[in-house]
Structure formats: C-alpha cells, structure tokens
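Attaching a single structure in structure tokens format; questions to follow.
Labels run A, B, C, D, E, F, G, H, I and J following the written order; every chain starts at residue 1.
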Amino acid sequence: MRDEITKRILCQKVINGIKWKDVADEIGCSKEWTAAACLGNMKFSQDQAQKITQIFQLDDEDTKWLQQIPARGCQADSLKNDPLIYRWQEIISVYGPALKEIIQEEFGDGIMSAVDFTMDIQKIASPTGDRVEVTLSGKFLPYRNF
Amino acid sequence: MRDEITKRILCQKVINGIKWKDVADEIGCSKEWTAAACLGNMKFSQDQAQKITQIFQLDDEDTKWLQQIPARGCQADSLKNDPLIYRWQEIISVYGPALKEIIQEEFGDGIMSAVDFTMDIQKIASPTGDRVEVTLSGKFLPYRNF
Amino acid sequence: MRDEITKRILCQKVINGIKWKDVADEIGCSKEWTAAACLGNMKFSQDQAQKITQIFQLDDEDTKWLQQIPARGCQADSLKNDPLIYRWQEIISVYGPALKEIIQEEFGDGIMSAVDFTMDIQKIASPTGDRVEVTLSGKFLPYRNF
Amino acid sequence: MRDEITKRILCQKVINGIKWKDVADEIGCSKEWTAAACLGNMKFSQDQAQKITQIFQLDDEDTKWLQQIPARGCQADSLKNDPLIYRWQEIISVYGPALKEIIQEEFGDGIMSAVDFTMDIQKIASPTGDRVEVTLSGKFLPYRNF
Amino acid sequence: MRDEITKRILCQKVINGIKWKDVADEIGCSKEWTAAACLGNMKFSQDQAQKITQIFQLDDEDTKWLQQIPARGCQADSLKNDPLIYRWQEIISVYGPALKEIIQEEFGDGIMSAVDFTMDIQKIASPTGDRVEVTLSGKFLPYRNF
Amino acid sequence: MRDEITKRILCQKVINGIKWKDVADEIGCSKEWTAAACLGNMKFSQDQAQKITQIFQLDDEDTKWLQQIPARGCQADSLKNDPLIYRWQEIISVYGPALKEIIQEEFGDGIMSAVDFTMDIQKIASPTGDRVEVTLSGKFLPYRNF
Amino acid sequence: MRDEITKRILCQKVINGIKWKDVADEIGCSKEWTAAACLGNMKFSQDQAQKITQIFQLDDEDTKWLQQIPARGCQADSLKNDPLIYRWQEIISVYGPALKEIIQEEFGDGIMSAVDFTMDIQKIASPTGDRVEVTLSGKFLPYRNF
Amino acid sequence: MRDEITKRILCQKVINGIKWKDVADEIGCSKEWTAAACLGNMKFSQDQAQKITQIFQLDDEDTKWLQQIPARGCQADSLKNDPLIYRWQEIISVYGPALKEIIQEEFGDGIMSAVDFTMDIQKIASPTGDRVEVTLSGKFLPYRNF
Amino acid sequence: MRDEITKRILCQKVINGIKWKDVADEIGCSKEWTAAACLGNMKFSQDQAQKITQIFQLDDEDTKWLQQIPARGCQADSLKNDPLIYRWQEIISVYGPALKEIIQEEFGDGIMSAVDFTMDIQKIASPTGDRVEVTLSGKFLPYRNF
Amino acid sequence: MRDEITKRILCQKVINGIKWKDVADEIGCSKEWTAAACLGNMKFSQDQAQKITQIFQLDDEDTKWLQQIPARGCQADSLKNDPLIYRWQEIISVYGPALKEIIQEEFGDGIMSAVDFTMDIQKIASPTGDRVEVTLSGKFLPYRNF
C-alpha cells in the first residue's frame, strides 16, 4: 500500500533524476514537507496527490492512497545506523537536557509541538566549509493543571 | 565525580533561583551551551570553571573536574520518556528520512556535524500561541572516497 | 531531589493514612492531577507547593523543588510489569490501531494531545460488578503542511 | 490469513471510500469496536462476518477466518513510532502511576479489565479547538487472597 | 519501603529458619499466596499484617506498608535467568500457542484471568522421581463486542 | 518447511471446522499435546504424522517433516502482545518468586522440568463464571554438586 | 544478602591469595562446582557452609545464607561483554544449530540437562599452545507425548 | 544465497533421510563440524563442496557458494527460545562466572578460543539415563601488554 | 533497489570469482573503500558506477542507483553475531574507554571523524602467524563552545 | 573492588593533573595499554601494580586487586551515547561488512584477534586539520575444520 508507493516514488526519482525542490514547487509546499510526504510520512491533499501521481507516474489507485493519513515513523528503525540520521540522535543525547532546561526556563512548563511544526533547511556558505542550518519551529504547548 | 557536581549545580539553581541566562552572561557563552555544560555534557575553560564554582558554591576540587572532557550523553536514557525530549525523538522518526533526502540533495554526500555545531533557541510570539524556534547549525562534512 | 521527595510523600501518605482526594481538595485540583503531581510528574504552583509541604511534613527546601518542572515518566519502566498498568499497555496493543482510525476519520489528520489533556476516573456501580470509567480529554492538534 | 484479510479490507476502504461509522451501523456495533475488529483484533459473529465479506468484497473463505479468534496485538510494534499512538504511550508514562493510585484508592486492590471493556470516542467542539474525548470503561476485577 | 521490608522478611526467614507453610497457617491462607504476599506482590489485611510483623520481627510502621497495594512484578527482571523461573518462560514459548488454541476452542473468545486466580503446588511422589504438580485456576473472562 | 505446514494446518482447520479434540482422539494423545504438535512445537510419530497428513489434507512430503524435531518456540515473540498469552507472562511476574520459594521449600534445590512435562486444561463450571483450570505436571530435577 | 557474601568471598580470595582448587579440596567437590557455589550460583551443605565461612572469614549468619538456594544467573548480564564469557556466547551462535542437530540425531527428541549436569576443565599442553578442554556432561531428557 | 542453500540441504535431508554422520564420513570431517558447515556456519573446501552438492542434489552454482566464508551466527536469534539451545545459554548464566575464574586461575589472563576450536559430542550410556557428553577444546590465547 | 543490487553484485562475485582488489584497481580506489561501496555503504561517481555495472553485469538502471547516497549501516544488525565483526565490537568494549582518554589527552576535546575517514588493511607476515594491521585515519573535529 | 579503584585513579588523575603518557613511561608500556589497564580493563604485573599504587596514592590492598584479571567491558554500556565512542560503533556499521570481505579475501577464513592485539594512536598534523591515526594489529586466527 503506502509503503509500495514510496518505493515506486523513489525509483522514479532516481531513474528520472527528479529533484525534491521541483516537486515542492509543483505542489506549492516547502521541499522539506514535500520530501516527508513523498517518503510516506504526511498525507497529500487531493490536488497534490494528483500532481504526485503524474510526476512519479503512479497509478490512479495510488492517488487515493496518497490522501490517506499514513502510519508515521515506520522507516525510523531501518535508518537508525545511518550516520546523517544518527547525528540527530546524538544532538538529543548531548543537548537534550539543555534543550529541556532552556525551553522551560523561557516558556514555562510545556513542550515544543512536533505536530504544529515546520522545518526549514538552508545552506550557509562559509570559508571554512558550508554549514547546514536547520530551523525547527514548533508551537509551545503549556501543561495545565485540572 | 562529574555526575555529583551536576546534581549539586541543579540543587543550587533551585534553591537560589539561578537562571541559565544569567550564568551564560557571566561566562560569556550562549544560554544553550551553558546549560549543556552545567548539565555535564561540555567542558569548561579554566576561567569559566572558576566562575561556575563560585556561582554554584562548589568546592575547589570541582573546578578541576569542570575542565575535564565529560562522558557525554549519560543522562539520555533516563529522559527518554519525558514528553519534551520525546518530541525531538519524534521529529527524527517522522522527518528524519526527509532531512536526509534534502540535506543530501542540496549538499551532496555527507553529514551535518553534531560536533562543529551550534544551537539557538528563540521565543517567537504569535497570536495563536508562542512558538519555540530552534536553529541548529552544523558544518557539512562530505564523505570522500579513498 | 524530586525523586527523594516523592518517596517521602508516599511514606507520609502510608503512615498517616492520607487520601489523594483530601489532598486534591486542599490544593483545589482534581484527585487525578494531584496524584500525578505528588508522584513527581507535574509541577505545583507556589501556593500548592506550600500546602503539599505542610500536608506531607516536608522541608522548606522541598517547597522549591515541588515548583520545578520535573523529568516526567521516570517511574514508567519500573511499573511495566504491574498488572493494572499493563492493562493500559494492552489497550494500546489491542485498540491502538482502531483509536488511530476512528480519531482520524472523525477529526482529520492530527493527534490527541497528551499535554493539553485532562483525565477523570469514576466508579460506576453495576449489578455485575463495579466498573472503572476513565475519561481522557485531549485537544485535537491538526498536522499542517508547510 | 487474517493479516491478509486486514490488508484487503484497508485497500477496499481506501479505494471505495468506506467509513468505519457506516460499517458499524451495518453490523450493529460501535464504530470503535468495528474498527478494532476489521483491523484484525476482534472476532466477528457469523452474521457480521458475512456482512463484512460483502462490504469489503472479500472471498467466501474469508468469512470463516473473520469468525476466528485472532492473535491480538500483532500490529502494535509497527505503530510504536506513530505520533497519535505514542501519545497514549505517553499518557501511561506520565499518568500511569497516578492512575494506579487513584483506582486503588477508590476501588481497593484490583485492576481495570481490558477484556470486559468498552471504548467510546467523541468529538467535543470548543472555541479553542476541538477536543478528543475518549471514555474507557473496564470492569473492576479485585485481587483475592486464597 | 515495601522492597526493604521484603529484604528483612527474607533475612529473618533465613536466620530463624521460618517455613512459608507455617506462616501460611498462621495467617489462614495458602502457602502459595502467603509467599507471594511476603515477597511483596500481594497486600495483607490488617490482621495478617500484624501477624507478619510479629513473625518476622518487623517494625510497627511496616505493618502499615504491608497493607498497601504493592507495585507488582518488580523482581521479575532480576530472576529472568534463574533456571526454575525460566522453565515457566519456556512453557509459554513452547506450549503458549496450544494453550491459546485449547482455551479458546473450549471456552470461546476470552482470557484466563491472572487476577481472579489461585495457584496450588503439590508434591506427587513417583517411582521415577517426584513430580511438581501446579494447578492454576483463573476465571474465564469473555470478550464482548460493544 | 515446518512453518509452512503449520499455516496449512491452521487453514484447513478453519475451512473445515476441525476441532483439536477430534484430532487428539484420532492420534491417541491429549488435546493439549496435539495442539502443541500441530502448531509446530512437537514431533509426531510416523503413525501420527500419517493421520495428521490425512486429516489436514497435507502432501506426502509433509508427513516426513511432521516427524522431524522442530525448532521450538518460534512463534513466541509474535504472540507476546496477545492478552491470553500475556496473562501467563503476568503469572510469572507476579507469582514467579513465590513459585520458586514454595517449590524449593517442599522439594529442595532443583527445578520443575518443562520437558518431562504434561499439561491438562479443564473447564470448571461455577455460578460466578466458568474457570479455566490448568494442571501442569513436571518432574522435579534436583541440582547435584560434583 | 547472598550478593554481599559473594563480594566478601572475592575480597578475601584476592587479599589472602586463596585458590579455588584448595577450597574445592577442603569441601570435597570439584573446583568448577566450588567456584560456581562461591560465586553465588549453588547452595552449600551445612558442613560445606561452615568450612566456607572459616576459609573466607565470614560471619556466623553468613553460614545460613550459604545453605540457601540462590537466585541463579544474577551476574550474567554484567559479564556479557567480557571476552572470555563472550566466546561461549559465540559457540552457541556458531555451533548451536549443529549441536541441536547432532544431539537430536543421536539421542532422539529431547534436551541435554543443565541441572543434572557436570563440568570439568582441563589444561591440555600442546606444542602450538595450551588448550582449554571443557567437558560438559548433562543427562539426556527425552520429550514425551501425553 | 547461502541461506537458500541451507534450506535446500535441510529439505533433502528430511526427504531422503540423510544422516549427518554419513555426510561427515563422506567429506572426511567430524559429524559436529559437518553439521555446522551444512547449516551455513562453516565454509567447505572445493572437494567437500562438490560432495555436498552431490549428496544434497544441489546446483553447480551452489558448489561455489559452499566454498564462500559465510556470515556466521545468522540463525542464532531464531533459535533463542528452543529448549535445547537455551540450556546452553543457561550454562553460561549459571556457570559462566565459574568458568572464567577457573580458566584464569589455571591458565592466567586470556581466553579460550572459539575459532581454533573443536567440539565432540558423545552418547554415554548410564543406568539412570543416557548422558550427553560434549567436549569443547579451544586454544588458550593469552592477553599481552604492549 | 540498492539492496537488490548488492545481492546481485555478491552473486556475480562468487560465480565469476571476482576479487575486490581487482575491482578497486578498475575504479581507481582502495580495496577497502571499493568493498564498502559495492556492499551498499558508499556512493559511486558516474564513471565508477558504469564500470561497476560492467564488471558485475548489472542493468543500466542500476548504474543510476549506484550513484545514489545509500542508507548506510543497514546490514549491521544481521552481522552482529559474526565472529570477525564481533571482535571489533569487543575492541570498543575493552579498549573504548582508553581510546577516549588517549585521543582527548593528545588532541583536546573532540572526536575522530568517521566521515572524513580512511581505512587501510595490511597483511603483516610474522613467524608466529600473520597479523591483520588495520590503520584507521579520521580527522580530529574539536568541540567548540558558542 | 576494581570499580572503586578505577574511580579513585580517575580522581587522582584529575586532581593532580597526571598524564597517561607519564604513567605509561613509568610502567614501561604504551600509553594505550596503560590507559586501558588503569581504566580497569587489563591486569597489571606485580611491579606495575606497585607503581600504579604509588602514582595514584592507592592503598596496599589495591595493589593486589590491580593484579587480578578484571571483568572486561563493564563500562561499555554507560559510554554508548558518547560521540567519540559512537564514531567507532559507526565504523563497524558502515565499514564492518567491507572489513570482513577484505580480511577474508586476503587472509582466508578466520578472524583478527582482539586478544593477541595492539593499538597505537598517533597525531598526524595536516594543513586541513590534525588527523587521529589509529593502528590496530591483531593476529589472524584461521578457522580449521575438524
């Protein structure tokens, strides 16, 4: 089902040299969200699903699956050893306690949402080597007593 | 050793109502790095260690420990169920594959360093609720064949 | 620190036969939230912390710790074999997929918040045996594309 | 076997736009139980199985499988990273100890059954955003000495 | 708390050569339940708690703790390699699927309760070696649709 | 191989409505052992294997596989979340330490065999609900010094 | 309790340079069983316990603990990374399937007991380097149908 | 690849009633090594590979695969619940610490090799029941400082 | 996709007796990097990909896949029991803490990169047996405060 | 015991600013082995143990413990999140399969010993940043059939 579609999307991407940036422009979203959605972790609107079907030469039935809410996070375990992904794990290990302290000192008791959330990745040129700058923005959700 | 010092720092912080922001100003670093270091995941310079010793009323011997390179990531497992920390885990589960795709589409084959790395946390006011904006900047390190 | 205070609260509760219901009335919250807070998973307001200190004969310093945001979920692993707790694990195993389907069919793509959240436990008398009725209410948080 | 049938049910649901609510009405049960059963975690009566076979265009042989008692909880591990499901995990981590304390304070020594159990999901409109209200009702089963 | 009392009970048992059978007679329960309770997995009535306090020379405060509902299953992980305990794990591995099939063929859809439950251990003399005969009796709890 | 045969046995059982009890009578063993063997955890004698082949309409080659000693316990992990199976896990968590104490108090140092072992499941009618009574009988195997 | 005694035995062994071989001779058992018992995995007879108390300068109360049946296998997890112990794990990984095949081809369906079991370790001199020869002898326990 | 060949070897073995002993004689090795190799944990010489191909009616291409060094230990996890295999795990849990103590007392600091290693399984008849006697011989490899 | 190509590369290697050394010469890289890349853990340049396609008789479409950045570390779990691979795990267990101490004493606070990294394997002849000499070279990446 | 001594060694090292290099010169071994030994993973000779006792101001009794063979690998789990240590884990994940292929292509079937093993760490100056060069040398141990 959705898994199979993700594999076919990736195959088409490789064979036809499609760029996430271009897909994103086509469906009117950021490249970050577009990639997350094409990889099976977000649902598309009807209009987007039709465009995705066209770009990646999928079947009509797939258009319906692309509009379903997916089971998110399925691929996470198979990527746990990948060095790029692990660096993010390491950020949580090393900076996680500080993250908790600072957010709670500045905002009070609550969390940073991973649902009402956006992510933006920029390439920052630098004489000592390019830097990856990732900006994560999540709504602060306060705990309340009841 | 370092573990014990972290506990005493946290005790002093609570009892005396110390803010990470103020500690950061005192030692001339960001609040994010300062919290990470006070929580035992970074080493201080000699000058910083002396200030930290003073601020948190530590012992002279502790000043030396604060300048040691710590075993990083020790607290990570005990925080794995904390909702604020988990949201970051979820970001990796849900957005990790997209992160890998986008970084590699834009930068080529390599990783975003978690060592040559900075983190900045901002409070973004918004009519629908404040947002936590976290900017992570890591040097891009390319894979090379050999 | 907070761990130690939780243990002392439980000791006082046993020795003096204190009821969560009575503590809840004293601090003006539900018995559910009060128990969660006394067990170290919620932070108290200053006023509440003073009352808790009094009720459980804690020290002045503890009053400050009770107002700190705790590392939530610490006890979770040590209770994983407890039959009452496990039944809730089982509800997720057996009814989790249905929960996801129904919530998403009725609300669209999003989650039920565990932060903007309340819980109410009632005893429902029944001729075939009392029933535990637990009402969980969490704000629906929609996913948004970006 | 049952696994395969679940996949085909989900495919038919997507392709034909079937709603759990409508299936539930057809077989005379709640939408929650119906979804749980269609997802392979409950057994159908003969009459229900025939209706399910018709609605989802299954084979005659499948009607027999739908009446078998399933191996429950099989899909649980593959959903463990899904944000909606995880929030329930988090409720156990954060509120589990309180749940145990309150149930046992009010009912005595025993558990809330996950077998003699019902679940009801309601959408509660609210100016600050809809809320998901889930009512879980389980028979209280007392421990007895022997 | 309860953990500590269990340790002291075991110490007294060893030093004074107390038998579970005799403790059981004293408090009017089976030896199986008595051992489970003394090991910290069951709660005692007030009368039983007083007798246990006396038999094992515990403190007055302990009498109150013995009447609390314990966190059950705490010692389970530390015994997982013990050969006697593992054989029971093996019974589940090897005979578990058959157990499920037979119970469900004979009783219908439901479970055998581990709460409304008794256990009896007998020594059966045999010329080829004594046999341990354990009789487990649990109420059948049927699943119901809703 | 054996796995495949187990699946085919279960399919035939469902489609033709075969009962374990009847299979057991046919091969002259208890229903408990018969189910364990058909589910792939015991080996059949040549005579039994031929009868099983006939009852479940297997192939001639399968008759040979049914006489092989299987890799026992293969299905155990996939059933770990099933409520009926888990209750047995819970019995070990909650009553395991008592089981060890009582067996060793009555028999001395040793284990209850899970190999020289029989299991019998009975339905005990009761006005407050039927009970599942399971009698497990295992040879006591004493530890010896050497 | 027993754990503590094991630690004191090891301390005395190091400080006084005691050899397992000599302890074994004193209590009339093999060096292998003696070490296993002193390390807390076997119980001593009353006579042996008294000698052990004397050899390792333990307390009178310890003599009683040494005669208790221990919780076996407690230290196993802490040694899992030790290279000498791991080699045995590797033998199971690499040769385990062959072990199962050969034992069952030669003995029929059953297991090699780890309870009715002896172990003997010999040093075999060889020009290319000494060899450790370990002979394990366990009673064959046949499976029986019932 | 090698996995597939192992499955075909086992099928041929069952269908044609081949004994490991006879295969071993054919290729001039012990039955223990032969079984390990046929199960995919050892590599064959060219001459042996040709004989194995013939005995088990494999394809020519398989002859080449049989001479490859395999990824050893692949099947280990799927056998972890098998009672015969587990007994060896138990030997490590219960006797592992003694094994380490005795080998190191007699040989000094080092390990018993699992690579320069042989294994021999004998059936020892005994009036109280046959015994499995397994002799493991591994070269002692001393640690050296550098 | 890439997985499938790796399997076909290994098949061709076995059937045609191809050596990593020769492949390495063909594509102008070290044998170590070449093997890592062919096993699916590195990406090839266009020119290299074409040569690899030819050497291993792959399809044209595969040439494109070989130039994709792979999900690294996928095979790691399936090799965790292999003795050659485990020895490296053991080096980390036994020498890891020393490695950390020495690198940080000599270089300061930072890590040895596994991305800007080369590996060289040499055969060192020795009268007491050949030695494997592996030289790992990784750029030192210093931690910086911010 | 040994654990405690390691902690005291580290404390003295920090307080007195001792360098591993200097300790190594004192006892006549490499800095790599010396650190491994001081961290509790190697045993010292009598002469070395006396020097270590002096350098780190340990007690006389500790001298005896330092000459014992330790339980190696104990600290491994607590360092698993440390970035420097993890990079080595990553080398196994990413380069492990290549390592196995190359060693076995060049040496035949066998392993690289982690016991008959040396490790050397060098600082290689480079205009683009210093490199850590680690040379690992392990005896090749061939598998033999038997």
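The definition used in the following text is that a residue touches a chain if its C-beta (ideal position, glycine included) is under 8 Å from a C-beta of that chain, and two chains touch if they have at least 3 such contacts.
Chain identities (UniProt): A, B, C, D, E, F, G, H, I, J = Cyanate hydratase.
Everything numeric in this text was worked out from a predicted model, so none of it was measured.
Any chain bridging subunit C (Cyanate hydratase) and subunit F (Cyanate hydratase), meaning touching each of them, is among D, E; the list is complete. Common neighbours of subunit A (Cyanate hydratase) and subunit F (Cyanate hydratase) under the contact definition above: C, D. Most remote chain with respect to subunit A (Cyanate hydratase), judged by CA-atom centres, is G. One of D-F, H-I or G-I repeats the interface of C-F: more than half of the contact pairs, counted by residue number, are shared by G-I.
Matching CA atoms, the turn from subunit H (Cyanate hydratase) to subunit I (Cyanate hydratase) amounts to 70°, rounded to the nearest 5.
Note on chain placement: the centre of subunit G (Cyanate hydratase) and the centre of subunit H (Cyanate hydratase) lie 23 Å apart, centres being C-alpha means.
Distance between chain centres (mean CA atoms), subunit D (Cyanate hydratase) to subunit J (Cyanate hydratase): 53 Å.
Chain centres here are Cα averages; for subunit H (Cyanate hydratase) and subunit J (Cyanate hydratase) they lie 32 Å apart. Between subunit C (Cyanate hydratase) and subunit E (Cyanate hydratase) the centroid-to-centroid distance comes to 29 Å (mean Cα coordinates, whole Å).
Contact with two or more other chains is made by residues 32-33, 71-73, 76, 79, 81-83, 90, 93-94, 100, 104, 110-111, 113-115, 119, 141 of subunit A (Cyanate hydratase). All chain pairs that count as touching, in label order, are A-B, A-C, A-D, A-I, A-J, B-C, B-D, B-I, B-J, C-D, C-E, C-F, D-E, D-F, E-F, E-G, E-H, F-G, F-H, G-H, G-I, G-J, H-I, H-J, I-J. Chain contact summary for the complex, subunit J (Cyanate hydratase) toward subunit H (Cyanate hydratase): residues 29-30, 32-33, 37, 42-43, 45, 69, 71, 100, 104, 109-111, 113, 115-116, 118-119, 141-146.
The part of subunit A (Cyanate hydratase) that touches subunit J (Cyanate hydratase) in the complex is made up of residues 81, 83, 86, 90, 93-94. Subunit C (Cyanate hydratase) meets subunit E (Cyanate hydratase) in the complex at residues 7, 10-11, 14-15, 17, 78-83. The touching residues of subunit C (Cyanate hydratase), when paired with subunit D (Cyanate hydratase) in their complex, are 19-21, 31-33, 35-36, 39, 41, 72-73, 75-76, 79, 82-85, 87-107, 110-114, 117, 119, 121, 123-124, 126, 128-141. The part of subunit B (Cyanate hydratase) that touches subunit J (Cyanate hydratase) in the complex is made up of residues 1, 61, 64-65, 68, 71-74, 76-77, 114-115.
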